[in-house]
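Have a look at this one.
Letters A, B, C, D, E and F mark the chains as written, and numbering starts fresh at 1 in each.
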Amino acid sequence: MSLPSQKAGTQLLARRVSSGIAGLDTLLDGGFPEGKVVLVLGEPGTGKTIMVSQFLHNGVTGQGDKGVYIGMNEPKTRFNAEMMSLGMDFSRLEKEGKFAYVDATEVRRIPEQAKVGRIPVGGRELGLVNLIDLVQEGIDKLSPKRVVVDSISDLVFRFPQIEERRPAVLDIVEVLQSTGTTCLLTSELPTTGEDRVLQPEEYLAEGVILLRILRKGVRTLQVLKMRGSKVDTTPRPYVIKNTGLEVYATEEVYGQTMEK
Amino acid sequence: MSLPSQKAGTQLLARRVSSGIAGLDTLLDGGFPEGKVVLVLGEPGTGKTIMVSQFLHNGVTGQGDKGVYIGMNEPKTRFNAEMMSLGMDFSRLEKEGKFAYVDATEVRRIPEQAKVGRIPVGGRELGLVNLIDLVQEGIDKLSPKRVVVDSISDLVFRFPQIEERRPAVLDIVEVLQSTGTTCLLTSELPTTGEDRVLQPEEYLAEGVILLRILRKGVRTLQVLKMRGSKVDTTPRPYVIKNTGLEVYATEEVYGQTMEK
Amino acid sequence: MSLPSQKAGTQLLARRVSSGIAGLDTLLDGGFPEGKVVLVLGEPGTGKTIMVSQFLHNGVTGQGDKGVYIGMNEPKTRFNAEMMSLGMDFSRLEKEGKFAYVDATEVRRIPEQAKVGRIPVGGRELGLVNLIDLVQEGIDKLSPKRVVVDSISDLVFRFPQIEERRPAVLDIVEVLQSTGTTCLLTSELPTTGEDRVLQPEEYLAEGVILLRILRKGVRTLQVLKMRGSKVDTTPRPYVIKNTGLEVYATEEVYGQTMEK
Amino acid sequence: MSLPSQKAGTQLLARRVSSGIAGLDTLLDGGFPEGKVVLVLGEPGTGKTIMVSQFLHNGVTGQGDKGVYIGMNEPKTRFNAEMMSLGMDFSRLEKEGKFAYVDATEVRRIPEQAKVGRIPVGGRELGLVNLIDLVQEGIDKLSPKRVVVDSISDLVFRFPQIEERRPAVLDIVEVLQSTGTTCLLTSELPTTGEDRVLQPEEYLAEGVILLRILRKGVRTLQVLKMRGSKVDTTPRPYVIKNTGLEVYATEEVYGQTMEK
Amino acid sequence: MSLPSQKAGTQLLARRVSSGIAGLDTLLDGGFPEGKVVLVLGEPGTGKTIMVSQFLHNGVTGQGDKGVYIGMNEPKTRFNAEMMSLGMDFSRLEKEGKFAYVDATEVRRIPEQAKVGRIPVGGRELGLVNLIDLVQEGIDKLSPKRVVVDSISDLVFRFPQIEERRPAVLDIVEVLQSTGTTCLLTSELPTTGEDRVLQPEEYLAEGVILLRILRKGVRTLQVLKMRGSKVDTTPRPYVIKNTGLEVYATEEVYGQTMEK
Amino acid sequence: MSLPSQKAGTQLLARRVSSGIAGLDTLLDGGFPEGKVVLVLGEPGTGKTIMVSQFLHNGVTGQGDKGVYIGMNEPKTRFNAEMMSLGMDFSRLEKEGKFAYVDATEVRRIPEQAKVGRIPVGGRELGLVNLIDLVQEGIDKLSPKRVVVDSISDLVFRFPQIEERRPAVLDIVEVLQSTGTTCLLTSELPTTGEDRVLQPEEYLAEGVILLRILRKGVRTLQVLKMRGSKVDTTPRPYVIKNTGLEVYATEEVYGQTMEK
């Protein structure tokens, strides 16, 4: 009786969503598992925005997957210009109805204390509610296959206590899961170095990709976690080229002598 | 007069409960000691949920042990789908009356302050009470041999002070001990790295298994503690395959040069 | 005039109390100094309870020393079963009037605020008072030579500030000193790793034994301190066998290259 | 249809603004991208002020770019004297209408609590408002191509909580971005060493240059981040000569043995 | 004109007070400088009490210097017995009027809040006042040359904030300085390991001796500071023998390879 | 047109003030730049007071520069005696009108809360005001070329928050800068070890000299910063002789193997 269930298992194996980043699909056993919420956690200068934009751009141009970018960091014009310089013309894609930029930069400035009707609401909860509304708006407009939230740091840093931060992150993850789309969330690493405090979002997301810059200046990408996928967890070097990130999926960054 | 007592000792040696994970029983001197409460403490991406699900699935299919999964992290459908993709058909087992999924995800959202009748109760204590009720419910329904709580982190993170957290964990452990079942609890490691703050649950549980991802991406499993058992405490490498975890029980992950 | 005083010194050299643990007496220059209060500080899984139970069991069976175990961690039946599986029949020893188990597990649950008559008392101070009463009760019942308190962590963790914790530990140590018995107290290490915060109990106890699990899984025992005794402070490897702890008193765990 | 967009991309590639520091343009792939806000983050003694002054001085004398220096650290006379000793005669440039020194040292002493009209304003917010006014004043006076704020530390240290500090830094960055000038901000590193807490300004600025002094006294410059630019992230040694900083753009500071 | 001043300098060179510890005078360039207040800072098990007792005992028996021991840790009988086992008969010395034990153990239990007449006084300040009274009492009784306070930790731990702790330590140091005696104060190290937080007492005392136990169990003594003395600051191994501490003044504990 | 400015630059190059410490002028490219405020930051036992006293003593005897010592640590008699033993007769210099000792030890004991007329003033601000008055008093009395404040730690430790500490340090630095004298300030390092928290005074002073004791007991001096000067930032070993500090300006303390 185990054969049918094995078969069922195989049938249920998540369809792969190509990452659009050279070399990364190799580490992911073919691509992101469809419908998962994946966290891209990185240091400054590691190209988090470029990576998630490649994911969206390649979705449209390579797979015909519509995409939505929910931007917390910079206004649309600036985002478009940045990506244009890397050969990704999101402005054109948006005109063609294949892409939508949702401006969420205002969420960053929501006051500490606000009112919804006559009910006082903590500004930080309001920020969350607004983000969720914006996500829904993007979904309704375009029925995308791929969604990016770049980044969740401004929201989660408002909840410095872990017991408050966990449910806030959980809210974001569950809303995104309910859309059925494949989602990437970016988040900022609070420290450099090997030994670090684990963030609640690393546990709550279904996948985690860690981007770091080692002491000698080498950038590394490590797939720490990907539910429903057999992944390569070795940290791999990558570069940021004129056309975006490129991962060297078979090279190693640590020598032989120390295992640590 | 020492011979009889030695004999008695031997008779009392805990019956072994096979872990269902390839290689792990070797480290455990045959399996988990029956009736113990064991903590599975791990980083994100180490397969905590897969491991405890293998423990339950193999219990039913291999030993005829009924099992209960108390899920705090994801709803039943999602859990079932994840495990199906690893060849474990919990949906079928549940229909056959050999397994029960107890949905405890709501416990995560219990408000800070609640009321039991007219008595105000701190929401976090209520979360604990609810979990304990759900455990009891699962036990009453199925009379299982194996129970899993995945995970206790949402509950214990509500008690940030160690003097509050210890009794909360103690409550969970003692309720599970009183059921006579063999139990696995999962919990999230707060940091990466060799040197770490020890969690009160590591002292209060009767067994501790530590799952980590080393700097080079190698996953390791280490049996730190197992009361009533002569265990191998060496950290061992393991992989997550299409069929679940597989431990290389005789391989080492640290070189010869540094003892640390 | 120095000769007589030297002689007196020799006469006063503390009588040795065999530890009952293979190899440990070698490190202790013959055994624990009689009448001292010794702290056994260890990580989870290092066998603290087994070690102090061996100390009591060997006292009765080997030296005819009556012993009292004050248990904060688990009820008597569980303790007896655990130790029986290691060949130590404390149930029989208790019936023979050579051993007493004092159940102090309730001390762990004393409420934050209590009343003695009409005087409100902080629950944590009450916990201390209760422990001291239980110690006295055990002493009065049996007139033991050896006493164990396993463990003091639940009590001392209630005093997170060092300026409150010191007098609390001091109370416990002085009560035990006043009984004239040789005492072992167990306590939980708050962190792993070489560099650690020193606990006030390490300064207030008259002896300290440190139990750790090194990175590679090797368990080590180190006698850090023993007043009135010339001890070997080198960390030594040990194993936990079916019959309890066994220390390799002449083996080293660190290589030659790094002194640190 | 991809060719036109690629072309557009190339056209949009940011014009380069020479840094004026020997060797640095090599790491920057030609210079700073025009119109970006770049953070210069350094330890004491790393020459942050010298570096940003070279950027301004070379802008005027080499490229004909007018420059504004907003000084928080020292009054104009002291600044002029310091730079004169390094061969940069800012006093003359100011007389020639090519440079303006904006004295912002008073911002450092704004009281905790102030009043704008009858509205009480937190002094720290006022400090921010004043800085922004001073920036605008400098821009209006000279229509510069290059702007320096040296340093933002006094302002941002007033916001010790990250959830307060992020919007404060964001305000500064956005005001500077809106001017269309190429801007350098200096900031003080809070710790030495490889492993460090990342500052919110490192995420909010569009470029980050890190200046450190290694254990052996070697000064290193590392371009951690530069949006719209393909940079060399290797830390490179540099010296401070009589004429300012000089970077050895092809030398390495770490040996071969340890990758860390 | 420089010759006379040099000569004067030589005349003023502090008279040496032999430490009474084998090997230590070599590191101290002949002994402790007379009239200085020296801190002995050590981990548990490093023999701080033995060391300062040797200093007193050898003062009486070797130099005819009267000595006073102000004991915060243990009552006189226990102190006398401990030292007797190491061949130091303080009981006899006290009868001969050459030594005084001042019991300061009660200072440890002074309540948080007390009253001097009708003026409420913080108990911690009272503890300080009491200690100072006890010091004065010991001085008046015996006119000693050598004074020991063992230890100041109970007092200083009551002042957890550095801005409160500094003046408290300063009070103790200045009172002792004013007596003209050579004084040793013991204090407890709060952490193990190479990198540590420096205590205010290390800056306020005129000499500092650091006692540690290295990873491999080797005890080391390091003279960090000694005003008015040319000292050897190399950490040196030492042992605790039946007759007290013995320092190997020419041996090293660190290998050649790492300088750190 | 660049030649005249270069010339001007050369003319403005700060006149050198010999440090009076053997070997140090080599690291400083001839001496301290005249009129700068330099911080001497060191561990206990590194000879901070000796170093700044040599600076003053050599100023008088070697260069005819009058000097003022503002002492926070010890009364004049004690200071004079200490320095006399190192061959520096400050008592004589003071009688000759070439040196002044300003006793600022009372500043350390200013109460938390004080009154200036009827205005309540925080004691810590008062401490600052008093120090500044004492500095002015010393200047007025002697018109010195060299000023020492030994140490500022008691003052700055009263401001534990960085946002309060910065303006306090700034006040001290600016008052000293305004006198036109060359000034050394001593300050206490809060921790040992390579990786440390940077103090605000390191950023606010114009020069920083770091004095440490390495693990093996070797003392090192490192010139971290010196505005208006081309310095050698390599840490160099030094010794404290009978005549004061002596720096080995060409020797290294770290081996070749590790760069860190």
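To be clear about the criterion, a residue touches a chain if its C-beta (ideal position, glycine included) is under 8 Å from a C-beta of that chain, and two chains touch if they have at least 3 such contacts.
All values reported here derive from a predicted model rather than from experimental measurement.
Visitor: Keeping to the contact definition above, tell me which chains border both subunit E and subunit F.
Guide: Joint contacts: the list comes back empty.
Visitor: Return the chains common to the contact lists of subunit B and subunit F.
Guide: Expected: no chain.
Visitor: Go ahead and align subunit D to its copy subunit E using Cα positions, then give the rotation in degrees, nearest 5.
Guide: Rotating subunit D by 120 degrees superposes it on subunit E.
Visitor: Name the chain whose C-alpha centroid is farthest from the C-alpha centroid of subunit D.
Guide: Comparing chain centres, C lies farthest from subunit D.
Visitor: Shared interface numbers for subunit A and subunit D above half of all numbers used, same, or below, different?
Guide: different
Visitor: From the C-alpha centre of subunit D to that of subunit F, how far is it in Å?
Guide: The computed centroid separation for subunit D versus subunit F comes out at 30 Å.
Visitor: In whole angstrom, what separates the CA-based centres of subunit C and subunit D?
Guide: 59
Visitor: Roughly how many whole angstrom separate the Cα centroids of subunit C and subunit F?
Guide: The mean C-alpha positions of subunit C and subunit F differ by 51 Å.
Visitor: In subunit B, which residues are in touch with two or more of the other chains?
Guide: Residue numbers touching two or more other chains: 194-195, 254, 257-258.
Visitor: What graph shape do the protein chains here make by touch: line, ring, star, complete or other?
Guide: ring
Visitor: List, in order, the chains that make up the ring, beginning at subunit E and going on to subunit F.
Guide: E, F, D, A, B, C
Visitor: Flag every residue of subunit F that touches subunit E in the complex, lowest number first.
Guide: On the subunit F side, the touching residues are 43-45, 61, 81-82, 84-89, 92, 108-109, 153-154, 157-158, 160, 188-195, 213-219, 240-242, 253-255, 257-258.
Visitor: Would you pull the subunit D residues touching subunit A in the complex into a rising list?
Guide: Subunit D reaches subunit A through residues 2, 5-6, 8-9, 12-14, 161-163, 166-167, 170, 177, 194-198, 202-203, 208, 222, 224-228, 230, 232-235, 252, 254, 257-260.
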